[in-house]
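Shared between the two complexes below is subunit A, which has subunit B as its partner in the first and subunit C in the second.
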Partner chain A sequence: MADKAILFDATRCTACRGCQAACKQWNENDEGEGEKTTNFGSYENPKDLSPKTWLKMEFRETERAGKVRWLFTRRACMHCTNAACVKVCPNGSLYHNELGFVAYNKDTCTGCGYCHDFCPFQVPRLARTSDLTTQGKMDKCVFCSSPGLDRIAAGLEPACVKTCPPDALEFGDRDKLVAEGRKRVTTLRTKGFGNAYLYGDKELGGLHVMYVLDDSPQAYGLIKDPQIPAAAIAWHDILKPVGWAAVGLTVVGLGLNYVIAREAKMTHDLPGKKEK
Partner chain B sequence: MTNHWIDIANSDCILAIGSNPAENHPAAFHWINLAKERGGKLISVDPRFTRTSSRADIYAPMRSGTDIAFINGMINYVIDDIERNPRNYNLTYITEYTDASFLINPGFKGPAELDGLFSGYAGGVNEADNKNRKYDKATWTTQLDEKGIPKRDRTLKDPNCVFQILKRHVARYTPEKVSSITGTPKEVFLEVCRTFAATGASGKAGTILYAMGTTQHTCGAQNIRAYSILQSLLANIGMAGGGINAMRGEANVQGSTDYALLFHILPGYLKMIEDNDTSLEKYLARITPKTSDPLSLNWWSNTPKYVVSMLKAWYGDAAQKDNEFGYNYLPKIETGKNYSHIALFEAMAAGAIKGLSVWGQNVAVGGPNSNLERKALDNLEWLVVTDLWHTETSDFWKRPGVNSANIKTEVFLLPALVSYEKEGSVTNSGRWMQWRYKAVNGPGEAEDDLWMMDKIVLKLKEMYAKEGGPNAEAITKLAWNYGNPASPHAVAKEINGYDLTTGKLMSGFANLKDDGTTSSGCWIYCASYTEDGNMAARRDPTPDPFKVGLYPKWAWAWPVNRRIIYNRASVDLNGEPWDKEHPVIWWKDDKWVGDVPDGGQPPMAVDPTKTKLPFIMKPEGVARLFGAGMADGPLPEHYEPWERPVDNIMSKQQSDPAFWIWRPEEQGAADKFPIVASTYRCSEHWQGGQMTRNLPWLVEMMPEPFAEMSEELAGEKGIANGDKVIVESARGQVKMVALVTKRFKPFQVGGRKVHQVGLIWHWGYIGMSTGDSANCLTPHVGDANTMIPEYKAFLVNVRKA
Partner chain C sequence: MEEQWIERYRKPTRILHWVYAACFLVLLATGLILFLPPLAALAQDSWTRIIHRVASVIIIIAPIVYLVFNWKSALKGLADAFDWGWDDIGWLIAAPRYYFLADEKAMPPQHHMNTGQKMWWLIVIVSGLVFTVTGIIMWAFKTTAPAAVLQWSVFAHDAVFVVTTSMLLLHVYLSVIHPLMRPLRTGAWSSMARGKVSVEYAKSHHGKWYEEVVGRKEAESEWEKVEVTTK
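Moving on to the complex of A and B:
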């Protein structure tokens, strides 16, 4: 089956955040009174992704030569082709499904947190109590395909796409959306947006959430040329093939890996100053 | 709207002023984005850089309360350009379809001659002199020939013609003057002028999207007048992608206006009955416009048919010719008396109103001067609140700072169903009446509005019949039979109306009669529910012949399914569209093709005897540049808001000469309150907040009320982003979170710096999320013509909490 994808067009988005509300509602991440938030001097909230917030819109204010801009970015799982989380997941709970999305099996997730630590975008979230002990399971955007809530299998588009009033989000075959995205970027460049860029076309082997941008990825708080941390490659391609026969070694590797992961997290925080 | 939502996509230039569609009408951006992708431009004029501005090609900052200076400056630019580059404009439209050529009474004088006033003003410049703050309009008249037809000078050269009067009037609004009033940088202002004026070319169309930022001012109606002058000069009225488009704030607010939510009208915009209208005949004579011009269709000349048909719908067999069709059952208002929102709450505060029914509204959050209005509720003997939730209004007796034991009001809360839990119709901003179906059952004892209204009226009928009362027949004689339970279809059919001789549903209002043989509850909806079925329920996406997005078989638009009103102005004198790429109507083979034409007569040059002038709702048949019906002047003139940060640099007259002031002692002065404030909404919350402050997804996204301010103002006041601040006006104070942003900048006004803050108002003391409503700060002053409260320009001070 052809890979599916979402195309987010930042030049159409008005940051109404219908997507953010629909995501929470459809995926039943809305028990009780929701996340307790306070206004921290921003239109943005909650402050960060969490096990209950799989998608949030980010707002960035910039001013160049007296021209103010207000840029809106979608923040959620990118569903990478070369997905660090899939590589580092110790027991295969995270995997690519047949549509190219990064899916996961919550029943087998041990809550180790490697996926969070190695993700270049720091998307997967766990309900952690401290840095050294973990609790609960990993959660992130599942492309509206959770068992029982699977919109895709039912022939529907994801909830965020369905709700988007200005058509900033589109769902479809990835190759068609790549072509559409490239076309829009070309148009933007002819309109004078020299830095216009299709993010996710090539990044990490191709993302399944792509961004039409009228400025550089950094201006929108996206990492230029994201990479899988070397430690993840080491884990997946060198340590993991040793297999369960070398359980002792693996345990050592896990510990080592974890330390590397913490380092990696500190060094690849998202660039770009977010709105305070 | 003159046009409709889909039509925005046809526009060459969209001017969003007094509105923030990305924030408050998010679905509009589907069409705005389409227009932009087709090459259209978006201009955002707003005191701060908004979500809409983020998508705009041009952003023009403008100080709140200075719209007229801005638009008059644009009109000045256009008139100047018309004279220099006439080929860039549609002069036929201007001379034939507007009153530009009409000659005005030579005694008329304007602000250029009378230091800010028009001739006939009685009040002087004293704002406290409420009684005399009005005009004698004797000189605001058109010169008529011996047949009673307006005299015209089609060369537009006569000094008394409207074009020349308007030209002299706006010549004072030079770009420099505009900039020093509005704070808009001159170059940005001129860029807006150039870009929007380009839609004046024949075949181009620009639209104005406005909302509460336009209307909620002491001069709100004049703001819209300014738009209509600009759009008429640019030949944008009647065109696809053109028009003046009010984006309504609620799914059915257009419908509620159509059915006479407001005190000054009856359903279908029939004028309200006043105490001097002692007979039906007198009333009809007063409200039915007349014309002597055989070329004018003067559609309102049909008023008697609509009034009598409405009376037949309301009173049925009790409405007969010998009792003036039940005319005297109807209550009358005192001539000149104000029954608008503020006036009602002032009367309540004075103890004159004993009972109140609030239906789907949260006045304790949304009303101006909220502290005062909440206190006014204390004086009620009884209060009925119909809503989905407990609201600040239903629970006013629990508000902070009051002892509930001292409040004697008996309060009833009627739990209502939300739109998805009931069947019926709503009318959107584009005048589309759309039928909606029940999707789910409501909770508990919640009932739909019709069920409640039916039960209440049936009980009232029973009680009045038994006990009598003042004007009891107004209730006892009502024809009220909608089934059990009451059916929305029965109501919709009554609104459409019947031929009472055959019992068949009316096919349209052209057949309504004033002899009692027809009924129609709201004449503009006649043809919405016919023998062919419920037109509002139609879902046929067949496009119109010119594919300009009319979709004539989808739902139904009033009047008579016309999708773009004034569309007779979209064609030339031969019936050929000015814009052949986006025709609305076209005279082909001796008939009109396309939208339902505004009057079906042949084009003006095709048959000069049978033709009619295009603006059929005006007795003179053309668009009005000169608006003699206005209370505060026939042309819009800039005055400062009631609370002004600077003096008016246009004239000695500081504020609008005829707006309504209730509490002159509550006026804040710039020395104590130097900062301009405006209240507004955000996407995440809605109106009084009762529907959104109880939903977790929205509360977590927008948890607290905030005050937006510039980095410069925050710096001066020692406020950091996210700090709690106190915002204070002459009426009260509120605590909010400071949102310090690059998107607000101080204005340079008259050579000095003026700060502005923006305040979100959706909050109150009940619900999942609580906080102060910015309306604790807003004043009890209202627009000169509509009495809408001034929510958008007043003075405050700000300090760190």
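Moving on to the complex of A and C:
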């Protein structure tokens, strides 16, 4: 099946945070005790992603040609094609589904938190019942595909897209959205936004959440040229195969040694036995 | 024939060895799950991670307890791990003939620990420190340590895991499986199970150590004789 994606157009976003609320409601993250927040001098709220906040809008005040600008960035899982979390997840609880999203099997999550440690965007969050036992589960945006709450399988758009009043969020085939995003960026450039950029077109093999930006990614608080951490590559692509080889060769070597040494010992022992 | 025995490991040392071994096996098994996705179900709800942590606490505390109550043996043992000399070259040269061709005459007389045992002992010390430091980072500083520190801690923890697992196989093999280590009753196995080895084994496997022990005993009895005679 063709990859699906979400296109976020920052130039259309009004920061109503309807997506945030819809995300919580649909994914049942509004149940139980709510997020406790304090005023930190911004309309932005809550302050950060959490196991119960899979999507939040970030507000940034910047200056451009003497005018104050208020930039809004959608912050949630980017659903990378080259996903560090999928690479380091020890038991395949995080995986790419057939639509290209980073799907998640919460039942098998061990709570190790490697996804949290290795994600270049610091998206996955751990809910731990205790810091001592470290029991817990990770949570993040799963593209509205949680079992029983799977909007995509039901032929619906993700909750955030559905609710977005100014159509700043769109859902569809990734190819089509890439073409649409590029077109909008070209338009922005002709209108004098020289730094306009389609974020997610090429990053990490292509993100499944793309951003139409009228300024540089950095201005929107996005990492320029994100990468899978070197430690993830060293660990998974080098250490793991080397480790299996080392243990395997050790076992084979010891087996060989046993056969050779036993033979040698028996020949040594024979004349000794004759003497007795 | 009546076998003559010689003490090799005292009880506290043997207890430490087996506690460490048991914990290491538990840690190995619960850690290995991360390398074997089909065993994912076992790690569900963090249970193996909790077992891993319980064993890690014991494996960290056990050597510290030993260090406090047996500090003389502990310091001597630690000194042994860093006592390298020309004799070790002799072992390295002789090792292939000895271990593959079972040629016991090729091996020069060894101290209390031979070069191979010292290498393993050094690996245990160094890997233990790396495991402990990186493990504590990942356990206690999960939310506060910088991402890069956590990432490379995972890497280092697994790197020493690979080294120690391979070397543990070698250790077990050379202690109880290798043809020259038979019979188990009198040799390496006996030394850790009961604390003593046969005089025969001591002579053939740790000649220098045997001479030392006998020398010390003779010196003691000499001294006793002197004591007696002066009275």
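We adopt the following convention: the second predicted complex is superposed on the first by the 229 of 276 C-alpha atoms of A that agree within 3 Å, B and C clash if a C-alpha of one lies under 4 Å from a C-alpha of the other, contacts with A are read in each partner's own complex, and residues count from 1 in each chain.
Simple rule for what comes next: a contact is a pair of C-beta atoms (placed from the backbone, for glycine too) under 8 Å apart; a residue touches a chain by one contact, two chains touch by 3 or more.
Not measured: the values here are computed from a predicted model.
S.K.: In the overlay, answer first, second, both or neither for which of subunit B and subunit C A:221 touches.
M.R.: neither
S.K.: For A:124, select first, second, both or neither according to whether it touches subunit B, subunit C, the two together, or no partner.
M.R.: The answer is neither, since A:124 touches no partner chain.
S.K.: Touching A:111, do we find subunit B (first), subunit C (second), both, or neither?
M.R.: Touch status of A:111: second partner only.
S.K.: After the superposition on A, what does A:14 contact: first (subunit B), second (subunit C), both or neither?
M.R.: A:14 sits against subunit B, while subunit C stays out of touch.
S.K.: Going by the contact rule set out at the top, does A:25 touch subunit B (first), subunit C (second), both, or neither?
M.R.: first
S.K.: Kindly classify A:234 by the partners it touches after superposition: subunit B alone (first), subunit C alone (second), both, or neither?
M.R.: second
S.K.: For A:206 in the superposed arrangement: first (subunit B), second (subunit C), both or neither?
M.R.: neither
S.K.: Looking at A:100 after the superposition, I want to know if it touches subunit B, subunit C, both of them or none. Which is it: first, second, both, neither?
M.R.: Touch partners of A:100: none, neither subunit B nor subunit C.
S.K.: Contact residues on subunit C for subunit A in the complex?
M.R.: That would be residues 33-35, 37, 39-41, 43-46, 48-50, 53, 99-104, 139-140, 142, 147-148, 150-152, 154-155, 158-159, 161-163, 165-166, 169-170, 173, 177-180 of subunit C.
S.K.: Across the complex, what residues on subunit B touch subunit A?
M.R.: 22-23, 26-27, 29-30, 32-33, 49, 51-55, 59, 682-684, 696-704, 706, 720-723, 737-743, 768
S.K.: Note which residues of subunit A are touching subunit B in the complex, please.
M.R.: So the residues of subunit A touching subunit B come out as 11-12, 14-18, 20-21, 24-25, 30, 32-43, 45-46, 61-63, 68-72, 165-167, 276.
S.K.: Can you name the residues of subunit A that touch subunit C in the complex?
M.R.: Interface residues on subunit A, with respect to subunit C: 88, 90-93, 107-114, 116-118, 122, 126, 131, 133-136, 229, 231-232, 234-235, 239-240, 242-244, 246-247, 250-251, 254, 257-258, 260-262, 264-265, 268.
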